[in-house]
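The structures considered in this document are given below.
Two complexes come next, and they have one chain in common, chain A, joined by chain B in the first and chain C in the second.
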Partner chain A sequence: MIVPFSHVFILAAAVFFIGLACVLARRNLIMILIGIEIMMNAAAIAFVGGALHWGRLDGQAFVLFILGVAATEVAVGLALVVAAHRVTGSVDPDRYNLLRR
Partner chain B sequence: MSLHAAIFYLLGALILGSAGLAVTRRNPVHAVVYLIFSFVGSAMLFFLLGAPFLAALEVIIYAGAVMILFLFVVMMLKAESADQASLSLRRWIPPLVVGLLFVALAALTAMREPGGAEVLKSATVAPRVFGRYVFERYWLAVEIISVLLLLGLLAAVQLGIKGTPKGNGTETKTGAES
Partner chain C sequence: MISPLLKEFGFAATAITLGMPFASFVVITLFTRAHPRLSAGLSISAVSISMLSALSLLFRLWPLEKPLEYSTLWYGGHDFSLFFGFLLDPSSLLMFSLVAVICLLVQVYSLGYMEGDPGFSRYYAFQSLFAWAMLSLAVSTSLLQLYIFWEVVGLCSYLLIGFWYERFSATQAGKKAFVMTRLGDASFFVGVLLLLVHLGDLSIMELNDASTAARLSPGFLTLCVLLVFGGIIGKSAQFPLMTWLPDAMEGPTPVSALLHSATMVAAGVFLFVRLFPFFSRSETAMTVCLTVGTISMLMASTMAMVDRDIKKVWAYSTISQLGYMVMGLAAGSSFAGYFHLTTHALFKALLFLCSGVWIHYFETNDMYEIARKNGRSLKTPLVCTVLAAASLSGLPPLAGFFSKETILASLLDRPDPIWFAAALLGVFMTAYYAFRPVFIILFPRNLDPQDEEHRGGAPYLAMALPLLVLAGLTLGIGWFERSLESFLGMAPPGEHAWLTPVSVSVAFLGVFLTWFEFGRRTAPQMGFVERIRPLKTFFLRRWFLDDLYAFLLKQVVYRLLARSFTQNDQRVIDGGIEGIARLAVGSGRICSYIQSGLLRLNLMVMLLVVVLMGLYFFLL
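Our next item is the complex of A and B:
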């Protein structure tokens, strides 16, 4: 009726790869957090596709928890970025190389 | 190709394209706005795959709350665009090679999986049924998530307090000077 299950899975893998490449290549803490968000979204897509494939609701329930974890992660992560920016005046992770101020 | 399949492939292209644009923008504000497109596209994909409640949550939490939080922080920190070096091709090559291998392997695995070629049947879960299911089977996980959110809130507030968090004497002194 819609598409083969493998296509949903491949889409999720491609989106995950974009987030991973962002985390690996960018040198800006905010862009790294954005990459993590993209990866979590890709996991959610895979879970929803699996829920439809096997006709069970557990996959969709897990997406609910992924949303909660992502919201917490981004709140704490951005607070850490703000705190680190206050100390070093930069959002470049390479600048965070001091053991003390 | 049915209408559903056409919508699926269009949405997939939209999600991939806007996510790809987001991660290559030099200006973080542009990146966040492209990412909102990507998340709205995933919300429509969830709707297509039979999860209307999750689609609404995706728009409200991801495209709404989380991205606005990103925008606030980007504008507060005046995140410098001295990120030029990270957009050089040389830096993108290793992640691209690793990632393409990864996607190729994932595609191969998904194709070879016995159920992989099975065409999905469209079905929809009413929010009421979904909520009942979650609170019957996963009530403990819901409670754990609520505690996690509370802890995240406390941690964010503690980290965000002006000056350094209350530590030992020397730390607070240097914090007051800076």
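Our next item is the complex of A and C:
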């Protein structure tokens, strides 16, 4: 293995925090969804790295599941975004405070 | 010892007697409603088989020393057990045969009376149902089973009173009868439940056992007896639940004869006979029963003295005779009450069926109308009515004479003479009101005969035959007093030498007064009571009992109970639920202050918590 195992994890952590920052900082729902996707990809990187390190295929198999889940999550998430946009006329999550009023 | 063969015969005969009318009820309701003649034939043949098997049972088991009991455990726990089955003892066997015979006669009579009625099949279905329920009531082995059939006959009574449901008054009368008897039944049921809880067994033999009553404290025993007696008051139309019976005359006349004079209303007295040893253990309760019987007897007699409706007169007379039975029983002689029940069933059914013939032909209940339309031209009912009225008044040698004699004797056995005096007054009034319709119809004023072309023929024959049979029984049954007494095994009341002349002369005095006022050639045909207008109104309005009920209903039930229940419903129940709802809404409002509505803030808090948890778990 050319790339050291720790580097893979550092990369995964970096991608995860980038995604997290995206989720927390952006005021657009679609961007938040993308941030979540990025965080999931970070998890996938960690899995692949782990699989390579220990020489077992379980991690790689898991990545396939993560991809599937991510695809469905985006589909459902985007549908929800459309619905929310229809109700409030905006994609800013801070405006979604009907219960509060 | 009873041989096993006899025991098997007893079971089979009872089962056939009960099964036939029920089967006929089911078949008529399900299949033959569209064929009136077939339905009537089915019902009558079923009840004939019942009668034959009931009579054969009576004669095969005649000198019955030990009661036959067939019972099976229906439901039981460790502290109580309920048995269902048949109990064949002398008193139930006699009632069994009596009911079967009168049911058959009335059903044959109905062939003529109900001819051409649109509800002919329905009528016979109800008649079969009644026959089944009443016969089952007679042989019930436990108080609960008896109560069930007690309610079924109540249902039949309701259905048959309101048989002509197109008539508003008939449905009203049916409802009144149902509700008023239900009032008594509620008290009966509470009594039954109390007994069940405290004794754990409701079989009649067990209740009548001396050791059973000893297990109850005297006060509790009195309470139970009085609660059960409440059921008797309702069913047998005693004071104060008496006014449903005259209204029940809205039903067809054969129904009045069968249910509301001969058998169903006598079920109350029959229950008294069944539980007589149990009842007689509470002296206080017996005194209450005696009082109630006396009051009902006197009140109903006065009402019967003024009414012009011939059926209502007999209805009042039924109440008063039931009062006599209760008096005889409560005075301590079960034989007196039961013997009078038997004879009364026969002659009162006869009276009703006779007046039914007139009502059928002249289409009026008013005795003056019947007289004016030449009612006396119908010879069979006229002769039978005279016979039955004489029997009702207690004139020798008819059935009523013997049975009334035993009741008077049992009242004389008591130390205080007031009851006997009241009964003697009742004898006088009975003779008066019994012969009033007789003389009015026998000696009509301003005759206005109807054309007679539709008289005679088959329906008349169907109606006349049962009359003759009943008249024969009324003439004959009195002579069997001694043998019935030994069969029933009940102690007769004491002998009083001067009783017979006194009571017979009092009865004759009553008849003579009626003759003086209604019978003789120049008689005004107006009773001495009717001359005093307020008294007449008072008796005609039934001592204002109905007004009293209306008042109580309005003031107590509607004003007090209904209003407080409405308040309870609105304030307590609705208020409570609304309070809970308000609490939930309020707490939701308070909790909503925690909710910021900012998605990113929520996420940040979530992240913070996860990070802190991670720190806690991995670093500490």
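In this text, the second predicted complex is superposed on the first by the 97 of 101 C-alpha atoms of A that agree within 3 Å, B and C clash if a C-alpha of one lies under 4 Å from a C-alpha of the other, contacts with A are read in each partner's own complex, and residues count from 1 in each chain.
What we mean here is this: contacts are C-beta pairs under 8 Å (C-beta built on N, C-alpha and C of every residue); 3 or more make two chains touch, one makes a residue touch a chain.
For clarity, every value in this text was computed on a predicted model and none was experimentally measured.
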Between chain B and chain C, which one contacts more residues of chain A in the superposed model?
B
Examine A:71 and indicate which partner it touches, taking first as chain B and second as chain C; both and neither are also allowed.
first
Once the shared chain is lined up, is A:80 touching chain B (first), chain C (second), both, or neither of them?
first
Where does A:93 make contact in the superposed view: on chain B (first), on chain C (second), on both, or on neither?
second
In the superposed arrangement, does A:24 touch chain B (first), chain C (second), both or neither?
both
So, A:49: does it touch chain B (first), chain C (second), both, or neither?
first
After the superposition on A, what does A:13 contact: first (chain B), second (chain C), both or neither?
first
Touching chain B and also chain C: which chain A residues?
20, 24, 27
Flag every residue of chain C that touches chain A in the complex, lowest number first.
592, 595-600, 603-604, 607
List of chain B residues in touch with chain A within their complex:
2, 4-5, 8-9, 12, 15-16, 19-20, 22-23, 28, 31-32, 35, 38-39, 42, 45-46, 48-51, 53-54, 57-58, 61-62, 65-66, 69-70, 73-74, 76-77, 79-80, 82-83, 85-86, 91-92, 94-96, 98-100, 102-103, 106-107, 110-111, 113, 115-123, 125, 129-130, 133-134, 137-138, 141, 145, 148-149, 151-153, 155-156, 159-160, 174, 178
Note: in the complex, chain A contacts chain C through residues 20, 23-24, 27, 32, 93-94, 96-97, 99-100
State the interface residues of chain A toward chain B in the complex, per the touch definition above.
1-11, 13-15, 17-22, 24-28, 30-31, 33-35, 37-38, 41, 44-45, 48-49, 51-53, 55, 57-58, 60-61, 63-65, 67-76, 78-83, 85-87, 90-92, 101
